[in-house]
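Let me begin by handing over the structure; questions about it come next.
Should a chain be cited, it is by its letter among A, B, C, D and E, assigned in written order, with residues numbered from 1 in that chain.
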């Protein structure tokens, strides 16, 4: 029954994706750890960490697609959930530093010492335990999303209004976390991590392990999203996206549906953030920046909204392009990236995954099963 | 002035829908004006009236889309409809077909019906829902009834106007509500289809309560039920079609000569 | 006793004070002195002496110069304060210098006669710092209390008020007797009151002085009265305390007025930033992430126009900004049209994707400007009519803020008239509500789309010209406004221009009322939280459109 | 080892400055400055007979991207040294990377101190090389008794102000004579704060503003200040983050007399500086282009690295780290700056007043050079700490009270 | 040869073909009535003529000139007006403004709303300042017709104009249409399900089924039973 629940909606593409992900999750660490540096197939640690980061971005994109692609909620604040998850993990990593900080205080992180904090604030308690921190990485974004969604969806805030208040939310959090008084390290955030679960964060094995963990998390999240979207609940979500008020007249409590996916999505984003932080080594309020949320939206759009594989590819592609361009064309890369965004919108109107099969079908003359229509209603302005 | 003032009695056992003194104004325009009406269990009622008389607004009020400024609105014996929202009201058993057809455009015709099917509406129920044979059968039946079986897998967004009307009727039937509110079902149908629809509704009304709004007099005649004429937000006349069509006022404001 | 409350004065200041007094005593006869302007070797030597030694020594020499009590020293002192006094390396002679092509034009500091030119390397500027400037200002105050220009007399009175010199009372009395301009007289009165309070004059006189200062009511006066409130004299202290309480009450009212003014002024900036977006996003439904860059392009146009003005009609820089307005409208309007024709028009059926494409456009424009103009700030000069400030009661109103408020309201009025009263406005609205049907009504939808986007962009450009007066002109300019702009449009209610106006003003005022006690950071957070809560109450903004028409 | 792989005939230098995003406005100049230094060095024949090759990346004002790019520079590009970072957070972000991969970072900005890392060389000012002398100047030369500490809300201003607060109090300034105000990054509406400053300054005591306001927020701040008629003679503002580059976007007419404290001004009148300015203008092809303090810091850092490499005969980081301490190079203000064992350098402190041509005029300078202090003497947690990377101590946070390496403990 | 000649047009929505070789004619002073069951392609035909949907084959001639490639607004400017199915009122424009959108193809001097509009639909006159989207269904239908009349078209395309309209107004509309025919200046193409209404007005009939014309001709030549047969399932 459970097996059926998780797999009945899986398409062939989905299986292929999972297989590739599993292969990458195993192979990349192996190529990094088992092969000597001189071997042509050796995977440099730099690339492992980078790919691990992409995977966490992909997880964020997947979470966003769940609400935007399937339920029409355009969140311009998803980075907030990501960052909160990241902070939860960052706090754990911070506590793991122990007396190895520059001031050697066994309890207080460095930034607290030089700002003269005498004791650990209560909300830092318990974060020395990994399970607590991991749980918080899910619970904090989840609770914030739940409370935010509870009010917003009940009040029937929708369309661009919802988008903008999600942006206001992340912006407010950005400013709040900037404040040194908040006790999260102000603008510098949390950094200088040493180890996770006793493993040295600077060792290749830990990095490979984090990569594999990210792949696993992404795989599980993907399966969960497939299950959700292919269930009747998924169909209700699409119905809400297309004609919200009509759905109500059928007796569906739209706000409950929205709240459900919204919260699930926020928790997935939090998980992504928690996996992101140990791999990049820093979490600071910059992660709350509205531009980050917008970028995540762009990954989804590029990959193909309303397809689950699309956002994953989109996140990977855009970030790979960014990594590559910023080194290869440091002074022109914005032109390249900007042009990429425009080109994809114009020439691949349904994103990579939405459009390529069509183009392929056109080219080969075969017909393919189209993904759920990714077009949405006009924003309130045009309605 | 209503010439057959039916005394509404909310406590009658066979009263399903009870409206008393319902008024709604939009920016000062009185769309419903002290409207009172009673619909009994398994009663079918036809509502006619000039464009802008308030027929659709009445349905909006009953289904929770529009809040009345004043008046009583009761469903069954106990439920005060003014205290509930659309989803609640739908789950009490009030279904509606809109004047302007609204369907889920990116869902297939079949999924549109499946979503409308009677059943538990919570997110978790939906998450773990598995389609039963009964449900599949019911969808098949409805598809052939609304003559869209050949388009069952087509996205509803691509249907013609009339096909969407039919799909909406199908969705309403799938809901299997106690009370069906049907706004202009015959619009865009051929005469033959209109007749068939009237037949279908009569059939349904044996076990359900139905309120139909329609401007097609042939259709209303075929229904052969009590007719309520609305005008400027309140009841102008009530009675059999022959009775109301003889009313001078009804002729003046509605039927014309 | 009063001295005891004041900080121990630095010796230099004491010396100055004595000199000031001396100068004041001589003040009355200065006008006469000027008349028999014989060449005074002392004066020339004293001026030449300014060119040598450390700041501390120069300060002493200024004192010595002032002590001569000769108003002919004024130009030299002013030039020194303004950094225009130079020493010729060859002979150590001192000149007032002004720029001329290829070198400097020299003016004799005493005779004010032209003294030829000098190359850049032949003269050396005489250094000043704030301490010297302050000394000069005080000295000039003494020397100018009887100047013919009322503005200078006013400045002199204010300088004496700041100095709170107990010895100045008689001098001020004499000046008051001569004074004809009410404003200057009031300042002299206040300065006299300050002096009286610092002296050991009678209690009645002091009591009267407290009333004079209480009537003035500003913070300067409050500080003086507060120092009296802390003295031993029971009666006076009581009176001062009461006066202080009155002043504080009126100050509190002025604070409210001040916050409203600041709020309106911040609101006008928000309005300017948002108004173009109210068209491209509010009316057309394009999630226009490149809006900020349109504002930025407008600001850069102002920079360019100013450059051209500087080259073509030097000296008329004031008009550059006026010319920049239409220029910016054209430039950004055309860019907007190009964007609409090149990108947006393919996305009319997919409004959400405009976010993606316009984000791309914004990246390209930012980098384009960075490549073209460099990453650093550009200077857009302030025209004279926008510099400085005036006082309105206890309010300091800066001209640039006032102009920006007026301008934003004018722009808003023009736009609303265009949208509601003209045929073009009607077609814009028709096209954006139902493009296909509008075409079937014979409306040239492609043209209207392009012009509408052009209009929104052009207006953003105009706003950019205005914003160049208060903010950085840099490639990042647009990014700093984009979020606020969206907030304003959404808060006001998408598609409602009046909502944008009210939204901008109320967010501005809310911010400015919160800021004094919450601090700038927390105030901003609170405003955002308020916005989130407000939208729960009114899910379609301040000026929500209601009814079927919206849901249809 | 990396040395073995670096067999090419060029030595790569990494440049890690944001060329896009919010910091591009400041950092792009530094990228150009390093490119110029590299070009100059190559003209002189390079280093160890090899040409230098710049590797420019754009971390795009995105802090995690700084770490990623740092890793790329060291691990993939195998650069010998990196010149980069501006904000403290970007430095914090890359620190672990430089530590893990044993790279070299030259950080050119004045910063909050409280740090000394083996792989990092701090060529900008520590607080004792900027903030404290600035306040001393105001106290002594201008007789300031009342202080507004206005800053952007992040760690550099916070720490600096904390140090200053302790310092001022130790000099007998009362708590009510200190006003502290923080604003968000990019704050642009300064009306309230400027009015508050005006009010605070009208209490009859000589008042000054110590500004740690960051980059973008300065232009609107000074515009408001100028328009509100706050004259330097009345309430001088001394800034630690406003240099020639920031002033380039302003009409400085109304701001004449306001101050800044740095270790270098473009107006410094020395042969070296004249040459530096000329080279810079030639390099950028812009005859009006200004120079600033962080550029000088890179100039010093770069020359120190060159000298250290030549001294060590190798670009190997360990060798350079050992060799560079004690290296002395001429600075642009006429003296010699030395790399100290704590990886900070010696610098003169200059106080300058803004002129109406957008330049600063030095009105005061320290008689000699000041040694950068990694750990402030005015903070409880750090007053016992020192840093010394020479063997045998080789410690960035040695506690003189406990005699141990590893911070103050408790 | 009518002034409107539709020659064997094809039209597809994506992969689905909706029209196959549809040919039609309409001429001034006459009413051509297009009938057929739901989904057979009536609306698609009108959209093709009005230029709202591109055709993939065939030609559309207007006064002998091929207009098949012209954008919709150019066709409107040549006198083709559409009363669409579903009304397509501009929801946030007032009734007056909705009517004024019809001015676009008119020369400046003729930009007024003809009195006949208000005579025919007095309710519009009463509600000039109400937003179009707030009107009841039938009122919107009346507005859609009125709006087309403002354009003073030479070819009027009416897609089920009686849908949702009260009986008395249907009669008025019928009278109005015959009046317009009577002026002899307007060609009218009427899509209608309401058989009696169509029969009373039509001069010519065309009946569609599954995207093609299956029957057409002068009313006099056609037998009512045959036509009706094509409309039942």
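As a working rule, contacts are C-beta pairs under 8 Å (C-beta built on N, C-alpha and C of every residue); 3 or more make two chains touch, one makes a residue touch a chain.
Chains and their UniProt names: A = Urea ABC transporter permease subunit UrtC; B = Urea ABC transporter ATP-binding protein UrtD; C = Urea ABC transporter permease subunit UrtB; E = Urea ABC transporter ATP-binding subunit UrtE.
Predicted model only: the values in this text are computed from it and were never measured.
Student: Looking at the contacts, which chains touch chain B and chain C alike?
Tutor: A, E
Student: In the touch network of chains, how many steps separate chain A from chain E on the shortest route?
Tutor: Counted as steps through touching chains, the separation is 2.
Student: C-D versus B-E: which interface comes out with more C-beta contact pairs?
Tutor: Output for the comparison: C-D.
Student: Which chain's centre, taken as the mean of its Cα atoms, is farthest from the centre of chain B?
Tutor: So the farthest one, by centre of C-alpha atoms, is D.
Student: What chain lies closest to the overall centre, CA atoms only?
Tutor: Minimum centroid-to-centroid distance belongs to A.
Student: Measuring from the mean C-alpha position of chain A to the mean C-alpha position of chain D, what distance in angstrom results?
Tutor: Computed value for the inter-centroid distance: 36 Å.
Student: Find the geometric centre of each of chain A and chain C from their Cα atoms only, then give the gap between the two centres in Å, rounded to an integer.
Tutor: 45
Student: Cα centroid separation between chain C and chain E, in whole Å?
Tutor: Here chain C and chain E have centroids separated by 63 Å.
Student: Quick one: report the Å distance separating chain B from chain D, using the average Cα coordinate of each chain.
Tutor: 75
Student: Of all residues in chain E, which are in touch with two or more distinct other chains?
Tutor: Correct list: 134.
Student: What residues in chain C touch two or more of the other chains?
Tutor: Each of 366-367, 433, 479, 495, 521, 524, 547, 550-552 in chain C touches at least two other chains.
Student: Where in chain A do residues touch two or more other chains at once?
Tutor: Answer for chain A, listing residues that touch two or more other chains: 175, 178-179, 245, 331, 334, 375.
Student: Which bits of chain A are touching chain C when the two form their complex?
Tutor: 74, 148, 151-152, 155-158, 160-161, 164-165, 167-169, 171-172, 175-176, 178-179, 245, 290-291, 294, 297-298, 301-302, 331-332, 334-335, 337-342, 344-346, 349, 375-376, 378-383
Student: Along chain C, where are the residues that touch chain D in the complex?
Tutor: By the definition above, chain C touches chain D via 6-7, 10, 13, 55, 83, 127, 129-131, 133-134, 137, 164, 218-220, 223-224, 227, 258-259, 262, 265-266, 269, 366-367, 370, 374-379, 381-382, 387-389, 396, 398-401, 469-476, 479-480, 511-512, 515-516, 519-521, 524.
Student: Show which residues of chain D lie in contact with chain C when the two form their complex.
Tutor: Going by the criterion above, the answer is residues 19-22, 24-25, 28-29, 141-143, 145, 153, 181-184, 186-189, 191-193, 195-196, 198-199, 202-206, 216, 219-220, 223-224, 226-229, 232-233, 236, 245-246, 248-251, 254, 256-257, 259, 353, 355-356, 361, 363.
Student: Chain A touches which residues of chain D in the complex?
Tutor: 19-20, 56-60, 62-65, 67-69, 71-72, 75-76, 87-89, 92-93, 95-97, 99-100, 114-115, 153-155, 158-159, 162, 184-185, 379-382, 385, 396-397, 399, 406-410
Student: Given the complex with chain C, which residues does chain E contribute to the contact?
Tutor: Listed in rising order, the residues are 50-52, 71-73, 75-77, 81-82, 84, 88-93, 97, 100-105, 131-134, 147, 151.
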